[in-house]
Each structure stands twice: as C-alpha cells, then as structure tokens.
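Read through the structures below before going on.
Look for chain A in each of the two complexes below; its partner is chain B in the first and chain C in the second.
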Partner chain A sequence: MFYRLSGTYHTTYESDRKLWKIPADRWQVIAVLVLAVAAPFLVSPLYLGSYVLPWVIWSAAALSLTLLMGMAGQLHFGFAAVMAIGAYSSIHLVRFGVPFEIALILSGLIAAGIGTVFGAAALRVKGLYLVMATLAMQYLVDWVVVNVPAISGGAHATLRTPAVSFLFVDVSSLASRYWLALGWAVLLTLFFLNVKRTSFGRALVAIRDKDFAAAVIGVDPFRTKMMAFFTSSFMGGVTGAILAYCYYRAVTPEQFGFDVSIQLVAMVLVGGLGSVIGSYLGAGFVLLAPIFLTNFIAGMAGAGWIPVSQNFLSHLPLIIYGAMIIGFLLFEPLGLAKIYDNIRKYFLVWPFRHAKS
Partner chain B sequence: MAYFLELLINGALTGLMYSLAALGFVLIYKSAGVPNLAQGAVVMTAAYVVWIMVSSGVPLWIAIPAGMAVMFAFGLVVERLLLRRMVGQPVIMVVMLTLGLEILLRGLVPGLLGSTPRSLDLGIGFAPVILGDVFINRTYLVGGTIALLLVGASLLFFRTRIGTKLRAVSDDHVSSWAVGISVERAIGISWGLAGVTAVVAGVLWGSAQGVDWTLSMLLFPAVAVVILGGIDSIPGVLVGGILVGVLGSVIPGYLDSYVGGGTRDVVTSLIILLTIMVRPYGIFGREDIERI
Partner chain C sequence: MNRIRKTALSAVLAAGASFGLAAPMQAEEIKFGLLQDFTAVYTFVTGEYNQGQRDYLTLINEEGGVEGHTFTAIVRDTGNQPQRGIEAYNRAKEEGAILFDFLSTPVSAAILDQANADQRVVITPAHGRGDASDGTVFPYIFPAMATYWAQAANLIDHIKQHDGGLDGKKIAIVHIDSPFGREPLPILDELAGQEGFEYRAFPYASPGNEQSAAWSEVRRYRPDHVLIWGAGGGQAVSVRTAIQNGIAPEQIYSVIWLAETDAANVGPQMTGVKRFEASASGTDHPIIQRIQEKVIEPGKGAGDAANVGTSYYNLGVATMAISVEAARLALEDGGPLTGETLKAGFERVADYDAEGLMPAVTFSEQDHQGGGAGRVSQWDGSAWVPVSDWHAAFPEIVRAEIEESAAHYGSGN
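Right, the complex of A and B next:
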C-alpha cells in the first residue's frame, strides 16, 4: 500500500548497505524526527514533561542496555546502578566547576569504569550467575550512594541539579531540556544503527551466539565482552546524567533502585532484544501502558461501573506491569519490534500475502 | 562475648529460616533447571493464604495443611501454565518470566487481600529464651528447628520412590524419558513441593515480622543462600543458610553503628559476588563442565 514493492531487491552494494533501504522507511524516519523535534510546539507542556520527555530518556537507556543484552548477550540486572553513577558523578563534577559538556563525558567514563570492573568480576560466569552478580552490584552501589553522605547528601536527602548550559544554550526551560534529551537519543540511535555494521558490532553478535565459536574465528571473547560492558555502561552513565538534569532535576537514591533495573530489562525484552525501534516502543510501552490502563480502570471505578477498592487500584500498575512481562514472554518473545516488523512486512507487499525481504 | 554469642546464635537461627525460603528455589532448580526468582513472592502468597484462613476462623492446625494443599496446587498451575511453555528458551527469558510472576504476585495478592501488615500468631510467644546471659529470639528458635527438620525431611524424601524420580530428572531429562519417567510430572511435583515449603517459610516469617509484601524481599537472602551453598544442593541450603545468617548478623552487629546501617544487604551482596568470583557452583554444588 505505502510501499508498492513485491520484496526488497538491491542491485548495488551501496543500496544494500543503506540504513533505510526502502524510500518509504526513509520518509517515515524523517517524519518521526520532524514530529519529535517539533513536539514542544505540538504537545502541551504537561504531556511533554510527564510523558514525552521521560519516554525519550528511557528509550536512550533501553538502547544502552540492549547493546549489552541484545547484541552482546550479556545479562545485566544492575543497570540502574550504572545510571546512578552517571547521574551522581555528573552533578558533583558540575558543582566542582567542570563545564557541563565535559562533565557529561566524564560521568559516562566513570560509570563505564565502575561498570567494567563489576563486569570483569562477573565475566567468568554466564547466564544466571551473571544475573546474580549484576544484582549484587545494584545493591552495593545503592548502599554506597545512600551511606556516603558526600555522594547523596545523606540517606533521605535529595540533591538538586545545578543550573547548566549546554554549548552556550541555557538548559533550564522544558523545551531545551527536551531537545537535549532528544539529541542524545538520536545520537545513540545513530551509533547503534551504525555499530551493527562495524567489525565491533559483528564481534558482539558472534560472542552472543556462541563465544567458543567466536574465539575460534579470532574474536577475543574477554576483550569483546569488556568492551561491550564499557560501551554500554558509558552510554548508560551519560543517560543517567541526562535523566538527572533533564527530567528529575533533584536526585534521590530511590530513583535508581532495583525496581528500576528490572523496569529497564522489561523495556528491552518487551521491545525486542537488540532492536532499535524495539527500544523506543518497549520504553514507551512499559512506561506508559500501566499509567494509561490504571487511569482507565480508575475512571471506570470512579463512574461506578466496576467494583474495585482503593487498595486494589493502588496496586494496579504493579499488576499490569507484571502481567505485561509474562504476556509478552509467552505470546511474543521477540517483542514489539517483531509485531512492528510483521505489520511492516504485511504492508510492504500489501495486495499480496508473502514478502521476500 | 555475650554480645557476640547472641549475634552468632540468632544469626544462625535467622539463617536457618532463610534456608526455608531457599529450599523451594533449590527444589525447582534441581529438577527443572529453572531459577525461580518468584520464590519470595510465593512465600508471601503462602503467608497470605494461611492468614486469610486463620482470620476467618479456621484453627491453625487445619489452616497450615490446607494452605500446603493450596500452594501445592498453585505450584502445579504455575508450572503448567507458565513454565512449561518456556522449555528450550534462553535463560534470560525464564529469569524474566519468574520476575514478572514475582511483580504480578506482589501487586495482586496485597491488592486483593490488603496491604497493611497482618499479624499471624502461632502461639509461640515473644519472651526471649535466656541461655546464661544470651537472649535468643523465641520465634527464630522455633523457626530454625523447623527448618532443620524440614531440610532433613527433604533429604529423606529424595530416597523415596518419587524422590528417586526427581533425582533422575535432575540428572538428565532425556534419559529419564527413556526409562519411562514422566519428566513433566516430576517438574510439576517439584514446583508443588516448593509451594509446600513456601507455606512453612511464609508462616514462620509471617509470625516473626507480620504478613505483608515485604515477605517477598526474602528472595535476596535466599538467592545468596543458594549461590553460596550450591544451587542444586539440599545440604548446601543448610550450610549456606547458616553462613549467610551468621555473617549477616555478626558483621552488621559490629559495623552498623559506624557506617550508618544497612550493612546486611552489603554483606549479602558481597557473599553473592565473592562466591561467583571464586567458586561459582557454590560449596556443595555440582560443577557444570561446559561441553562444546
């Protein structure tokens, strides 16, 4: 319908190497990008600040995690801790007098350093044991953040982010904070799309599929895994800093707890492992679906249509969230990215049934 | 010295109660190879089930066996509806499924039955047992004893006919099929048994700290216990439990006043991390040799 193709045929290597191989895809990406950039003028500030902005930032976080989990196949259940390291170090660096732009990069490097140390400790093991080791990292980092007053400002203290400017533009209005976050998300997306085409990206995929086999063809498993941890933690650290400056603006340790780590893994899984569009869809779905469904059911309960107690309503987001994870794993393990792909393939050849792509 | 002894004994008893929660984890991992990260929430559900029967007037000695029957059925249903469909999927999928179940139960059960802490009185009493100048928590003493008995009973259980089948299944699924053992049923039974042990854990922990959602946080010490003891070893649960309990009681007992509390989670995390670095299969666990 939109595409009018009976499959994807390439006659040159250039056209096969393109990121968006079909013109319609290119137009879609441009349209989405234009809409995203224009969002502050299209969406009311309330929706921009409480739905669109967190969606963009969490998508960036999901992208960082899916590099590690989807491409390199290394499970990480302590990614919120990595983001916490990035957030706290960026705030302290800026307070120390470091310019914001450099503080962002440095906080990413600090997060990457600490994340890689834990990764190295855990790299002798795989699968379940890696889950447990990163889980332990989450608790350790949480404890250090809470119990060292120099970092968190005390156990129950909130740390306000100082006013900053990014490349001489003041980052305090909602729109400018949104554009900064969007810029970072776009940068990550471009990086992710391109890393799939590099030798590093192919090495990651080889490690994920079978590390012995990768070692046989000359990929050093340990080095590649470390680099995956480093890259992913760097991206996660900067995303944590962006999250602190652009969204929360006052940081408490609870914002980076164990539940947030689980939420990130859920975003990656619901979206589809190792997929870019999946990271965006998954982050949006995990973030927004419980809110909307809860509001919907609360509205029905308020109108007296269904008998639901207040206590049940307050637990409803948790229930929906858990049911969502189970449902996706049982019925669509490849996530929203696969659903999107199915729909796209259907329309690709629309009057006919089967795509050859 | 008395302070140290008190920490030591109470820590060991707490640890034995951790091993109650960990026992279900090991039972499932041993037969199905599934890490059940929902075990904490299952313990919480079991405590709620017993509490709701007791509060509606059922005497305790009926409520506990009835709760065991309910949780056995619950385990069978979870295995049949959720885990059976995940056979052959990568471990991340299974881990995430049990975590999803954990989140679902943590929302559903307190959401339906009320989230304020409920008290579950076993008639143990709260006066501490005094041995010389050492005060021992009476609930922990009873709980620790029951934990010892239960772990012993499960060791004996593995010598019965069904237990032998479970051991065969834990060795090799395909060979078990070949000699006519129903692997599906064995795995289902192990899930049911995990539900039964969860009732004991839930009742004892519920009487110690009240029945509410925080019971599901037993997962973290339970994971430390199984990692340290060996993820597929029943005696490991006992030894790991005592070690985790003692370390998690003695070290915070001396350090908490200097560093501002919460050291217990750090000790637990460090136990997990160090075990994984030094001896990933735990003290008694079977070392997996990966074949190419």
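Right, the complex of A and C next:
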C-alpha cells in the first residue's frame, strides 16, 4: 500500500541495478535529501549548529568506520586518532599555503598513510588483539599531538582553523559550513552504497567472513586488508578535517581522545554494523540522546517533578542512556538499522503480514 | 446576579494581582549559564564548586537581589565533551544567559571565539587559557582569578620569602603530562634565571593513578622543594608517593587543586603540605555566615550542607561574588544588562574582595585576570591555615607571559 510494489518489474539490467529499486524508497531518499539541503532555512541556528551539523559530521565518521568494522570486519578502537591526524594536517597544510580543497585531500592521504601503517597489525592479529593494536595508535597519536607543540599549537594546545573558501565559496557562515559537511556526508554515502557492489566491496566482505577462505577463492588478504585500512582512514581523515573546519573551528587534543573513539565504535554498533542508515541512526543516537535526555530531565526538574540533587540529576540521563543502549541491543542485536529494516518490511506488504525476505 | 458579581470580583482581583505582579516583573531575571562537567573529568571539584555558586546566587536573591533584579542559574551537565558544551551554550544563550562558566578547559576552548563574537561573558576561573587575561585579545573572557602562571609565581615567591630563599636551590615540578601540567614551565624558566635556582620537570601519565616511576627519579634528583601540578585523584597519589620517597610534607607545594577530600584520602601524613589558594576556606567569613543563615538553615541550599566552607565551595562563592559585583556595577550605569554592559561592569570592578573571602581584584580593559593575587596555605591536620598574605607575585613576569601567549593566539593559535 505504501510502497506499491505491484507493477514494479525490473526488465533491464540498469533498472535492476539501481541503488533504490522501489520508487517509494527513491522518493523517501529524495525527500530526506531535500530536507537536509534546506535545513538552514527550516531549523533555527540553535538546532542547525548544535544538532544537525554535528550529526551530519559524526554520521560521516561512523560511515568511514563502518566500512572497516562492518564490511571488512577489522575492529578499530583508535579511529578518533585517525580523525585527529586529518584535522591537524589539514590546518597545518592550509597555514602552509596549500589551497583548502587540496589540503582536504592531502590530509586524508596523510591519515590514510599513518592509519595503514598501524593497520598492518591486522595482517597478523585479529579480534581483541587488533583492538589492542589500534588502541596503541590512539595513545601514540594523542601523545605525539600533546607533546609536540608545533603540532598542537603551543602552550594551550589550541589550534584555530584559518579562514578558508571551498571552490570559491567562503566557508565561514553556519549555513555554508553545514552544506560543506552535508556534501561530504552525501559523497561518502554514495561511495559506501556503491562500494558494496564492486569487486573491492565483495572482497572486503569475504575477508570479514573468513580470511583464509577468501584467500582460497583468490582474494589477496594482504592487499584487501591494507586497502580497507587505507580507504577507511582516508575517509576518516577528511571527516576529521571537516569536523575541525565546519564545526569546532578550534582544535584541541581532547576533541579526539580515547572516549571519542569509543563513541564512534558505539555509533557503529548501535546503528548496525556495515549499514548506511545505521551509521546515521547510530551517530544520531550516541551524539544526541545524552543531550536530549539532559535537557528533558533538567526540564522536569525545573518543573519540580523530580526534586533531586544536581549530582544525581546529571547522572540520571547517563543511567537512562545506558539502559537504552542495552535495551536496544537486547531488543535487536543487529542495531537500529535492523529496527528500521523491520519496520520497512512490515509496511512493504502492509496490510498483509509476511514479506518475502 | 450572584454569578455576575463573582465574575466581576474575580476579574478585578485578577487585574489587581497582575498589576501587583507587574511592578517587580520589571526588574529582570539575570541568567548565568553554569554549564559544567558533573560526570566526567572535573567531578572532583564541580559538585562543591557549583553548589557554592548557586548558594551565593540564592543568597543575593534572598537579600533582595541587585536593585530588585534576581539571578537564575541555568545548570547543565556537559560531561566535559565539547559538542555537548556547544549545544548547552547555544541553548542557554537563547534562553538569555549573559554569563557562562564551563569549568572545563576543552569546552571553554571550543566556545572562546564564539562567545567573543556573540558578546557573552565567559569566566574561566582556575581553568581555561591563562592568556585570556589579556582583555585586548579576549574582550569577553575573564579568567577572573590567578592564572596557573600567577599560581606558580606565587608558590615560588613563597619559597623565596618564607622557606629559605631560592639561590642555589633545586626545585622539582612533578606534573601531569598534559598542556595544563606543562603550563607553569615557562614561568619557572624565567624565574630560575632571575632568582638563581635550578628546576627539573617530572611528568607522569594522565590520569595519574600511578606515579612511582616519576617519583623515584625525583628522589634521585634530591630537590629542596617539590611543586605538584595535577588535579583530581592524581593529587592525593602525588602527595602519598612523595612521602613514600622520603620527601617531607613541608617540602611539597601544590597548585590550587588540593582540598579537604585529598587530605582525607592521604590521611594524617598530609599535615604540613602547602598549596596555592585563590579564596579562603572555612565557614568563618561574613558571606559564608550569611549563606549558612539565610540559605542553608531555611533549607534552600543547592546540596549537602556539609560541603559549605570547603575550599571548592568557597571558590565557587568567590566566582559568583565577582560576577554579581560586576552585574551590580553594570546596572548602576543604567540601561539593560547585556553581555556588553556586563563586560563593562567587570572592567569597573576595583578592589573588590568579597568581604575578605578572596584577594582584592581589580579588572581593566587590559587585565582580565584581576591582578593575579593569591596566597599559600598549609594543611594542619584538620584545616587549611594561611601562611602568607594575599599578594600578587612577580606580576610583571606573569603579565609578559600573558601578553606573549595572547599575541600568539591573536596571530592564529
């Protein structure tokens, strides 16, 4: 009824290969995209600057990480460090006189280079041991940033982003910063959706499922794992630069600390491994749920509904947030993306009960 | 008929009530955004500090406000996360807050430029950038109390004046390995040359639960005095490990972050340790007495009454005393209270000492630190006893450092 499947036949290879084969899905995506592009006119600067903009950027970060964790199956607990490399190198490159557009790409390449070096550990170790190796990357990068004033920006370790323009458009107003971030997130989304259908994407999935089985069928584990780390780190590095230029505009080491890495992993897991919509939902949940809960609880306390100490008041949102994460994962271990998928499948054949797959 | 009379009566009453309310409503509600970290890194201080801030605002409201204007604190947890701080700042700004205190260096760093652009006052007492003391580069940021540079200078000055001079002495500084921990080093460099002592820095890894490697090196260095520069749980570990390594408590000098809780954690061997303080501790002060009487006893306190008078509680009271004084001066000029007039009010604060709770501070368009005075106090086993008078040490060296760093910031960093 909502999706109107009847009469939709794919009679050519082109139509069968479309990203969104069902017209209703296509319209939904177009509607969301139009809303996203028009967001600066639709929502107040408060919501654009504090909710939508960080959500879009962290979704891009989650997409970068889920390529590695979800598709290639390589755990990475130091992804904030990858983003830090991108952020710091982009700022230093622009200060050095490199145009912003080229600096973005170069910062991605630098992050990819360093990320791949640490990723080389993945050739020898898997699972929890790989977590340890990537954690080492987090702490090493943190240490270098904090201890080299030339990188961190002097005694107070704050580096302000210089004024830049992107393709001759000045990136300083909130709306222009948002559109740049949105453009990057859309680009990553399209890349991610398409890479799943390439030989590279299938090789990643083969490596994830069993790397020696993949080797038997002719997928080179060395090359594929390195490529996975390289691609994901490139995306993460550029996202870090976008985060610095479009959102924070003053970079400090704490913005890329260990807890940020854990948040990114949480986004990917809560959203659903290897899923595009899961990255968006997971980033939205991990980033915004604590903020909404804090404001909601503070509002209730302000209305006198829960007369408790400030200390308890501050921890209550965290308690609820933790319970929500456990609840979601118990209810649907495959993440928010699977919940979306269940709802979609229900409506796909509604008012009938059973979907095909 | 009866019903009409009733309706008329209630209409008159309602009109009267709203009229009666209208008069005090003209006096505005002044909103301060206390958007702090209650759940992550700064938990060792935030609870008591924030309680002191809110109790002081309640006291002012109980005493009739400032020319009838009352104060409201918007309190939110930011979890020390910049993105949550930005959200809380934008929201409180929309709700009309004109002064902010984040008590978190990462959050303050993320908001500095925005607050300067929005013309909202941000106070950064005992956290944030020391060079924000240069009001020409940071027009809306007020460290408002002794910066870490001024604190280091004050401790060194205390050794010079009271603990046997500096010439030829060896001083060790044991610090957390972070920008905050390294902050006093340039001042020590400068003073070492001028006063003829030598110093060495011994960093330990954050968060400082384990420091024995650093301290065994300190023991080999055989220092005459030791400065400890950390915060939170690491401070008690520093004191305990120092004493285990044969350093006498009297040789230990701490940054502002050493309080009653740390003394309780270390135990009786803490007696003799000295620290810098920017506000007096204890309840024996006119303002704290009035808070006891008008806020705590009627049950309007913001938290556990046992916290009243602790070091961090009084620190919070002092920050709000300065802010309310600035608001009072701004209102004296007439006109509505905005971020802009509040900044002007701050810059008119002169020789204000909160009835003896803190050193007299004087702000100007150039100096947002307020002079950088403080004193040294010593733990006597049950309380912090001051062992020097309120004064600013080596102010010209501290100021030179502030201006150099601020110029660096002005050029991009």
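As a convention for this text, the second predicted complex is superposed on the first by the 332 of 357 C-alpha atoms of A that agree within 3 Å, B and C clash if a C-alpha of one lies under 4 Å from a C-alpha of the other, contacts with A are read in each partner's own complex, and residues count from 1 in each chain.
The rule is short, and it goes like this: a contact is a pair of C-beta atoms (placed from the backbone, for glycine too) under 8 Å apart; a residue touches a chain by one contact, two chains touch by 3 or more.
Treat the numbers as computed from the prediction; the structure is a model and nothing was measured.
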| item | value |
| --- | --- |
| Contacts of A:Gly271 with chain B and chain C, given as first, second, both or neither | neither |
| Partner chain in contact with A:Pro333 - chain B first, chain C second, else both or neither | first |
| Which of chain B and chain C A:Gln310 touches, first, second, both or neither | second |
| Partner chain(s) touched by A:Thr294 [first = chain B, second = chain C, both, neither] | second |
| Partner chain(s) touched by A:Val131 [first = chain B, second = chain C, both, neither] | first |
| Partner chain in contact with A:Phe212 - chain B first, chain C second, else both or neither | first |
| Touched partner set for A:Ala122, first chain B, second chain C, both or neither | first |
| First (chain B), second (chain C), both or neither touched by A:Gly240 | neither |
| Touching partner for A:Pro40 - first (chain B), second (chain C), both, neither | neither |
| Intersection of chain A interface sets (partners chain B, chain C) | 146-147, 155, 311, 314-315, 317-318 |
| In the complex with chain C, residue positions of chain A that touch it | 45-46, 49-51, 54, 95, 146-147, 152-160, 162, 247-250, 252-255, 259, 287, 290-291, 294-295, 298, 309-311, 313-315, 317-318 |
| Of all residues in chain C, those that touch chain A in their complex | 38-39, 47, 50-51, 54, 75-77, 79-84, 86-88, 90-91, 94, 105-106, 109-110, 112-113, 129-131, 177-179, 182-183, 186, 302-304, 405, 408-409, 412-413 |
| List of chain A residues in touch with chain B within their complex | 69, 75, 121-122, 124-125, 127-129, 131-133, 135-137, 139-140, 142-143, 146-147, 155, 212, 262, 265-266, 269, 311-312, 314-319, 321-326, 329-330, 333 |
| Partner chain A, residues of chain B touching it in the complex | 35, 82, 85-86, 89, 91-93, 95-97, 99-108, 110-112, 114-115, 220, 223, 227, 231, 259-263, 265-266, 268-270, 272-273, 276-277, 280, 292 |
